[in-house]
Amino acid sequence: MTAPAAENTATCSTVPDDAAGGFRVSLQNFSGPFDLLLSLIAKREMDITQIAMAEVTDEFIVYLKVLQQSDGAKSLDETTEFLVIASTLLELKAARLLPNHEAETEEDMALLEARDLLFARLLQYKAFKHAAGWISGTLFEESTSFPRQVGLEAHFAALLPELIFSTTPDQLARLALGALTPKTPAPTEVGIEHLHGGNVSVREQAAIITALLKEHGALDFTALVANAANHLEVVARFLALLEMYREKVIAFSQDAPLDALNVRWLNPEHGWDPDALHEEYGPAPHESTETSATPSAGTQEEAS
Amino acid sequence: MSQGVNAAPSPNPSQGPAAVDLLPGGLDAGIEAVLMVIDEPIGAPALAEVLEVGEERVTAALLRLRAQYDGGDTPRGFELRELAGGWRIFSRRDFAPFVSRFVIDGQTARLTQAALETLAVIAYRQPVSRGRIAAIRGVNVDSVVRTLLTRGLIHEAPDDGESGATLYQTTSYFLERLGLGSISELPRLSPHLPGVGDIDDYDVDSPWKSANHETT
Amino acid sequence: MSQGVNAAPSPNPSQGPAAVDLLPGGLDAGIEAVLMVIDEPIGAPALAEVLEVGEERVTAALLRLRAQYDGGDTPRGFELRELAGGWRIFSRRDFAPFVSRFVIDGQTARLTQAALETLAVIAYRQPVSRGRIAAIRGVNVDSVVRTLLTRGLIHEAPDDGESGATLYQTTSYFLERLGLGSISELPRLSPHLPGVGDIDDYDVDSPWKSANHETT
């Protein structure tokens, strides 16, 4: 299954400066996001219940970018699969970027649950991978034992009831036609195409937020997303806010839990430009010329 | 000699010798004769019915034959194995290098890692839909499932009439290839995660537990 | 153990023991291992070549085995017979009444849908390997191919010497049952095939390639 992908995506990049001494991934070695995650975890020899989530997340995102740069529908397929995992990891990462409030808020609990779920799936995958290893070994051992499987001796074959064969040439042709016509496989999952409203750029959303905040000085989150076209844009604006918070161009305040989230423009002296924001989160075709090393430097720094 | 066979459909083994006992070689040879023509494992009950003796006698004879073939210093070149719910003659493994030259068809083709993992999921979770396998493996599994179907290792489960999705399960050929008597003989799924001290401390709920359950 | 096999293609039997002699059961067991799995009679020269011993030794062992199987009061349920083409193990005739009943029980007079569909694929794609048929039908076809062979509707095509796989084609009995003079009289598929000009244009390879690939 991974073979076709391997053809158009050569062994991909090394990420330098990694704390663990650099990690190298080659696309054809992984048959899915869980596979990759497991490998990342194994490489760092981390207790998976105590994972330094942000670090793994960063490596994962770097890998994701590399994956996106490869061509072909296959790569698109894989990228979407990976995005499921990436979104979970991103959520966890977002938690780290946010100011550390009390650990018992509802969101924290939700994040913990998301993490547990991811671990549960990871453990499950690991177990099946282990089982696959056993099956492979056993199949190999058993391949040296050949069953007796010989044709029926003539005098027994002669005892078979006379074959009733009423099939006409036309019927046979229809059967052949049915068998030789390519089958469209039955859908395995609910279509999700309608959920994708096209690519949303975090950078573009950051520009919109910047314009709004420069005009009004301070706004609450509801106002900032009031003209968002869809949920995806809301998410992108939220991510943009996180980035801007990290860059110290805005500040948050919230009077009480679940109260409106106020965003204040800090009027930074260094002249914040949304264009400086790297598109780490979404597919950004125009960025595909970037080498994987460049964004990785950004993500590493961000994690620290 | 065939008259005797048809005369007594299911004689009580205690009521004197059965027809097969009167033939040279007796029950043991009779079992061997049937084993020569089968092309899939045959269960003791089926043998008992064909040979018109009690099932216990057949089972005892099968065990006797197996021991005889394996016998000490001079084993035979074949062995009698119990798998996939029945008994079947196999060439002795020691001679595989010689025998394999005559068995050129596909038997030894290796499965890819993706196919093996998918097979594992189906084996432990059967019957299971493609969607569910994909969710566990985190990738689309359509082409791998097709490969496994083609290889005869899995097949579509009979429709349960409830869900619309096609469900897959392993075949008896799968058991045969693995030398297993039944699915329940699969080793328990056991996690061996690197760096995890004690898996029991980590309570993985539903997805995990049910997997273990199905194997027992 | 296979190293020894490849190392000495045709050693003189007088030059010490051959690889097969060192295995449990020795040459006799080696011959048995091969005889148990082959489908058609094998000659002593072929056995001698595979087992890498002299032909005289093989012939002597074959005669010894035959005597052993027939052995006096307790013969085995199988027998070793020498036919035109060579040697083959058969089910012992004494037990034919039991064996034939077993054979007949499992059979029906009609071909199953799966067998008919496979026959149709072979008819239009011949000569064709089992692997290819399996890829086209999406299921393992080993047992239906065996049924079609037993029924005399298909047979193995003469070896083209290129691919290792056995190819199958339909027999004249098949044409007879269908009331056709030759294969060229089969209805053309093209008019029925939606969107495909000619069946020959439709390369079965493309959609199935990945499946085929992984099996080889």
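Order as written gives the chain letters A, B and C; numbering starts at 1 within each chain.
To be clear about the criterion, a residue touches a chain if its C-beta (ideal position, glycine included) is under 8 Å from a C-beta of that chain, and two chains touch if they have at least 3 such contacts.
Keep in mind that what you see is a predicted model, and the values were worked out from it rather than measured.
**Student:** Between A-B and A-C, flag the pair that has more C-beta pairs in contact.
**Tutor:** By the number of C-beta pairs in contact, the winner is A-B.
**Student:** Per-chain Cα mean versus the mean over all protein Cα atoms: which chain has them closest together?
**Tutor:** If one averages C-alpha positions chain by chain, the most central is B.
**Student:** Taking each chain's centre as its mean C-alpha position, how far apart are chain B and chain C in Å?
**Tutor:** The mean C-alpha positions of chain B and chain C differ by 22 Å.
**Student:** When the centre of a chain is set as the mean of its C-alpha atoms, what distance in Å lies between chain A and chain B?
**Tutor:** So the centroids are 38 Å from each other.
**Student:** Can you check how far apart chain A and chain C are, centre to centre, with Cα atoms defining each centre and the answer in Å?
**Tutor:** 48
**Student:** Return the residues of chain B touching two or more other chains; collapse runs of consecutive numbers into ranges.
**Tutor:** 35-37, 39, 78, 89-92, 99, 103, 111-112, 115, 143-144, 146
**Student:** Listing for chain A: what residues touch at least two other chains?
**Tutor:** Answer for chain A, listing residues that touch two or more other chains: 1, 3, 146-150, 152-153, 156.
**Student:** Inside the complex, what are the residues of chain C that reach chain B?
**Tutor:** These residues of chain C touch chain B: 1-2, 5, 20, 23-26, 28-38, 50-51, 73-78, 89-92, 94-95, 97-99, 101-103, 105, 130-131, 134-135, 138-140, 142-143, 146, 164-166, 208, 210-211, 214-216.
**Student:** For chain A, which residues are in contact with chain B within the complex?
**Tutor:** It comes out as residues 1-3, 31-35, 38, 41-42, 45-49, 77-78, 81, 84-85, 119-121, 123-136, 138-139, 141-150, 152-153, 156, 185-186, 188-189.
**Student:** Quick one: which bits of chain A touch chain C in the complex? Just the residue numbers, please.
**Tutor:** The contact residues of chain A facing chain C are 1, 3-4, 146-153, 155-157, 159-165, 167-170, 172-183.
**Student:** Flag every residue of chain B that touches chain A in the complex, lowest number first.
**Tutor:** 35-37, 39, 78-79, 81, 88-93, 96, 99-100, 103, 107-108, 111-117, 119-121, 123-124, 129-131, 134, 136-144, 146, 165-166, 176-179, 186-187, 189-197, 199, 201-202, 204-205, 207-208, 211
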